[in-house]
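Here come two complexes built around chain A, the first alongside chain B, the second alongside chain C.
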Partner chain A sequence: MKKCIYAILCFFIASGCGMKTQLDELTLALTVGLDEGKDGKLLVYSISPVFNKESKNIYEVIRTVGMTPRDGRSKANAFASGKIVGGKAQNIIVSKTFAKKHDMFSYLDVFFRDPKNSTTANFIVFDGPLKELMYIRLDDKPRLSVAIRDVILNGHINKQTTKINMLLFHRLSLDRAQTPFAPILKVHKGDLVAAGIALFNRQRKYVGSLSQKESPYFAILQKNIKPATSLTLAIKGLTKQKEYVSISVEHGEFSYKPSFRNGVFHFDVHMKLGVIVTESTTYIDMKKEKKKVEKWLAKEIQKQLESVVKKLQTYEADPIGFGLYARAYEYRQFQKQKSWSKAFAKAEINIRPTVEIISYGVLQ
Partner chain B sequence: MTTMQYIFLISGTQVGIGILSLPAQLADIANTDGWIAIVIGWVISMIASTIIIKTMAKHPQDTIFNLSRRYFGRIFGTLIHLAFVAYTSLAAITVVFTSIHITQVWILPNTPNYLIMMLFMLPGFLITRNGVRVLGRYAEVVFYLTLWMPVLIAVPLQKGTILYMLPILKEGWAPIFQAVKTTVLSFLGFELAFVFYPFLKEKKHGIKAMVIANSISAFTFLLITITCFIFFSPDETPSLIWPTLSLLKTIEFSFIERFEVIFLSFYLFVMSTTGIPYIFTTVFGISQLIGKKDHTIVLLFTVCIFIFTSFLYTPPFSHIQTMGSWWERYGLWGAYFFPIGLFIYTSIARWFQGGKNK
Partner chain C sequence: MNGTQQLLTHSLDTNEQTLRDYFTKTPDLVYCHLLIGEPKKRALLVYLNTLVDKNSINNNIIDPLLFETKQIHTIADIQLPIGSKSYTTKWEHVIQHVFQGETALFLDGDNQVLLLDTQGWPQRAIAEPQIESSLKGSHQGFIETCEKNIALIRRYLPHQQLKIEETTVGRRGHTPVSLLYLEDVAHPEVLQELKDRIEQVDVDTIVNTGELMQYIEDNPFSPFPQFLLTERPDAAVSNLLQGRIVIVIDRSPSVMIGPMTFITFFQTVDDYSTRWMIASFLRLLRLLAFFMAIFLPSAYIAALSFHYEIIPLNLLLTIGESRERVPLPPLLEAVLMELAIEMLREAGLRLPAPIGQTVGIVGGVVIGQAAVEAGIVSNIMVVIVSLTAIASFIIPNPDMSESIRLLRFPMMIAASLFGLVGMVIGFMLIIGHLISLESLGTPAGSPFAPARLRDWKDTILRFPLWMMRTRPLSARPTQLTRQKKFRK
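The block that comes next holds the complex of A and B.
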């Protein structure tokens, strides 16, 4: 009896071998791109690595025209050298013009609905027609999919842009109190460049962007400072000329206090930033003028943060999540608002940063 | 059966397929306040299981099948017997088919129904054949085997936003009480004490064991629900069918992807500790009904029916949902109202008999 059972068990284990798939027979779509083609049709690009010694290119790009991403993939199977597998996608890229016209969330449904798809892929907006990116030749870089990912992740760490994976995009798209955002990628003189942050409105359509210069301030508002956020600020008044001071924000304490007065939301944002002075184009007597410099820095940072927030308000986009605070602490009023984006656009936001210089390097 | 095995057997039956979808159901009714409903459900289920033990303690050697005949006579006793068997078989069918469905959706989309059913039934048969003692041991082993899983679920907590939980009591108590109905049903499983209590070695620990078993389950439910509420945004959770699994999708290591596949493969153990006790109770009940001491033949027959059915019938998701709702409706009566009624009835009956004896 026992032997019989073992024999049957072996039989069951072996049953998997009939359907085996070998890695080099698959077409792994590591990057999926969506763009608008002629007559409003959807262009679906996919980049997959080629594991073949004889082929000249190390990756292949497939372009199909379809109604939806999944439809495009089905059609792409006709081109591909192997069965297309979408579960390994690392980047989902949409072009800006496409994102402007369509609700991104409904187009990306397949990535959430099919459990075989990875939800940790990065979502990226590309500035320009996607074919510019897809057929780029980067001789000094690794495979395109990897290169794209590296640019975005590196940009995120250095706060030159941000990153968002599909899961977070899903969460922000569905939450009433927030709106999604995404990093922008562009091709500049034959090179991949991270170029700021794309903002989406409540309808998940692209509405505007923050520049690369505003990205670190966006990160600060998101409380995302680690490992360090470096800023370069123009300081007047110390001497008569325009001088620059670079600082690196090392840590911060934040408090967002919402309140509701006279029909509008008020937010009191206090932040205490610990900074290291890394560069100064002019001589500052740090010992004597530390307090004064701290105040200047705080004022300059406040100006920048306020302009970023103003911009978000004009776009009616709340990627920072002010709505979360409103919902958590002013629930009744929050529920009364028909649309949080509209209420956010009208909200009064006071940002009061204070700066503390931890150190100023090895020079006096 | 030792007290430990008894505890794990009961809590193993409680924690099963329900927990995979519980956060979404709660969020749908009571938003992020749903966890309060779990606490209330926990208290209610503890009261109900205490009542079951109190009833069973009157005749420590009787299962519900003997008890019903003792108090209700042959005809009514058999009817109650049949109803209980029908209930547990409904539960067993629901658990088995739901497990298969989840396995198919998440892990094995190309594998046919009957093959998975066969793979489920083989170990199921081997464990159930040996009776309650092996069931208890199996439940204990599975408990230790799966201790790492709650730790893993807590990993996404670091990336969560606690602000989602505020304010507590958003819409007052009304939606919470509505949600209690759902949470009370997720504690289903303790009613098997009707069958397992006589096998417990140390009867004086009966109530304590039930409280501990319910608390283990409540802790698991709370952990998973709160993790889901903190991790997903409040408007997002109801849009998912199995939020617990979607949660695990996010865990990614550089050397492994789709961690939920591994988790779910292990979770089959947990689902088996829900399904097997119900299958056992069904088989045990039927063999008692036809007066057979050994339940192996009935079990073999049941397993064959399961496999045969799976050849002919692959339930779509809507049927599985219907099955689940039947089980829940029936379970509310079987596990909450019936024990209370039985307790009152037996107390009165004993009081009368006691009067006669004097």
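The block that comes next holds the complex of A and C.
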């Protein structure tokens, strides 16, 4: 009998029925969008799936005007058919103009502070006014939230853009040695397109972007090569005409060596890339000219990487994490810097890629 | 009748009268008057013609008696071609033995009765076990006659250490109960405990093995079985060799084995004749089935009522679409379907085979399709219920399978009230109960609690046979070595 009572008591210390969140009674905000309205007020969008067969749309978009995202959600609850919850949020989208003006971190605070919100949601910057995205009609795609997520994830795998979840954004925002970044999404002729990478400065404001073409080089600098990074390079080869060679980078070895000389940071970046030639518009005997081809490829890659780094330096954004190396190897000097971003902008960065061709393809 | 304590008299007529007084309204009792020997002497043959082998009586008793030419002084002078016979002067014995199908021979002028073994009651031929199908083991199953069952076991163990102790249970039924054990392996304390418990049973009769089991089990409030019931002699022998005790009960086609541990209900004797990798895989499958059968519906309820976050988005959308028209909360939906499948199972179980098929079709169509189309339950729920049902059928022991099926209902309620936390508490209670459970005074949680690592060879995985050189400690065997090391 005593045992029985203990067993029942066990259950009473558990959380009760009041905490219930019945799936049927919820409106799952799968995508949350933040934008600025005409009069400088915050527009909060949320997209949630609708499971009713009688309704025409498979998702609903709720737009509210509020002071903060949480304020916007409270107001949205008046519209929604169920309690709005963010536990399954997939995408947090901000518009570019909004991101330019405001410190993103303070607006995203609710997603970090409230544990009921998902921290694995993707953070995305949208190029254009957000209503363009929210009210888009994609007839050949799944639910909008899923479609957005898939475009970004696929773009990330193919290195056409990058991805960052809220947790990582949080870390990069607070880390002195790094700045956050985010994928850019835009609507092009009624379709969702991943369009490069947004860069944020130390103040978590949008400062500039890398194009879709620069994205793979950004990925290489991040040592993010797997499963394979595809590059198409224009090289002036034997024929002295414009020729294109496409390669797929399969693996790489990296070394970032920081040093501090004459008041500036120096970075020696060495990378050894193993590539497969997937396409070539010229008829050169690759086997014979292997060394030459490798050199051309390395040179072209170096050019591209340097231009990407230059761009980052002009924006004073360090999403790659050069600062991490500086902090690890040159801690004293790093500590002396008032702002790492400024120091990074002045840093000398030498990138020396070497390329090793693993395979020339099957038939030539 | 108070006369049963009395002794017989020398007068045949008095004895017959006593018999007739005792066996009133017993039309199947045959009184056969004979004149035997030279000079003729009156004799009386009494038997219940429903329980005897008539051929045996005609050929082995009546025929030799009629042609007896010797002079018969006492009953001891009668020589009959029957192996098993005994003498008594007590009415009590006479009546008991006649009721067991023996024939009593009374002789005028003698107060002794000759009891002849002429038993021949209706019995089934030895056939394939019905409930526990055998894949690789013997295809002989136990039947309703104790001697035959013991014979089946003895065929495997022709050894003098296999001891049999007989006793009877029940005031009216006098059910013969035999305890079989290996004297040099089984622990005497465990045996004594079992004997004491059986001795204390004071009932009318034991109709089936399951009844005796309930009278002598350690914890009647446990959902789990504490004795193994099997109808396979090879399973019984395998357990005998582990130092366990087999209880054979006359008139019941299954024997009872104890002491048991929790994990033994997930083992079958076929495991040992299957190669070890396959047997191990099956063991893992059964354990997985155990968890699925208990937790799958409750996990569904918990996830839908409390923790929608733990469901991956794509599955969440599928569930959302599937539940769109369902008017019931997850708990009701699950309980409804689980009850439906239990009813289906029970209905199919008791119905004769031709109608049984109809149940399957009706159940499959009505529950599988119509209920979903009507929007009463969701597709996902049907999948979960089917998975749960199949998982519970994988458990090889029917008793354990039923316990598990029962346990999932409280788990479902706990999950709907408290979510995952409730499930965890429920699970902890089950584990706690299993740890404290005993079978014949030995821990049923062995070899997990108490942890006996050496015995783990035959639990979650089944190690190769040549590696299992010792008997499991759970039955407290007095002799541990099972085999010598003869292979590396």
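Basically, the second predicted complex is superposed on the first by the 341 of 364 C-alpha atoms of A that agree within 3 Å, B and C clash if a C-alpha of one lies under 4 Å from a C-alpha of the other, contacts with A are read in each partner's own complex, and residues count from 1 in each chain.
Everything below uses one rule, namely that a residue touches a chain if its C-beta (ideal position, glycine included) is under 8 Å from a C-beta of that chain, and two chains touch if they have at least 3 such contacts.
Everything numeric in this text was worked out from a predicted model, so none of it was measured.
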| item | value |
| --- | --- |
| First, second, both or neither for A:Arg171, with chain B first and chain C second | first |
| Which of chain B and chain C A:Arg204 touches, first, second, both or neither | neither |
| Partner chain in contact with A:Leu28 - chain B first, chain C second, else both or neither | second |
| Which of chain B and chain C A:Lys96 touches, first, second, both or neither | neither |
| Contacts of A:Lys88 with chain B and chain C, given as first, second, both or neither | both |
| Which of chain B and chain C A:His156 touches, first, second, both or neither | neither |
| Touching partner for A:Ser118 - first (chain B), second (chain C), both, neither | both |
| Partner chain(s) touched by A:Arg73 [first = chain B, second = chain C, both, neither] | neither |
| Which of chain B and chain C A:Val146 touches, first, second, both or neither | second |
| Shared chain A contacts, counted only where both chain B and chain C touch the same residue | 15, 19, 87-88, 118 |
| Chain B-touching residues of chain A, taken from the complex the two chains share | 5, 8-9, 12, 15, 19, 87-88, 115-116, 118-120, 167, 170-172, 174-178, 321, 324-325, 327-329, 331 |
| Complex interface listing, chain C residues touching chain A | 304-309, 313-314, 316-317, 319-321, 323-326, 329-330, 414, 417-419, 421-422, 425, 428-429 |
| Chain A contact footprint on chain B (complex, rising order) | 105-106, 109-110, 115, 118-119, 122, 161, 163-164, 166-167, 170, 232-236, 239, 245-246, 249-250, 252, 257-258, 260 |
| Residues on chain A engaged by chain C in the complex (per definition of touch) | 7, 10-11, 14-17, 19-24, 26, 28, 30, 49, 51-53, 85, 87-88, 90, 118, 143, 146, 149 |
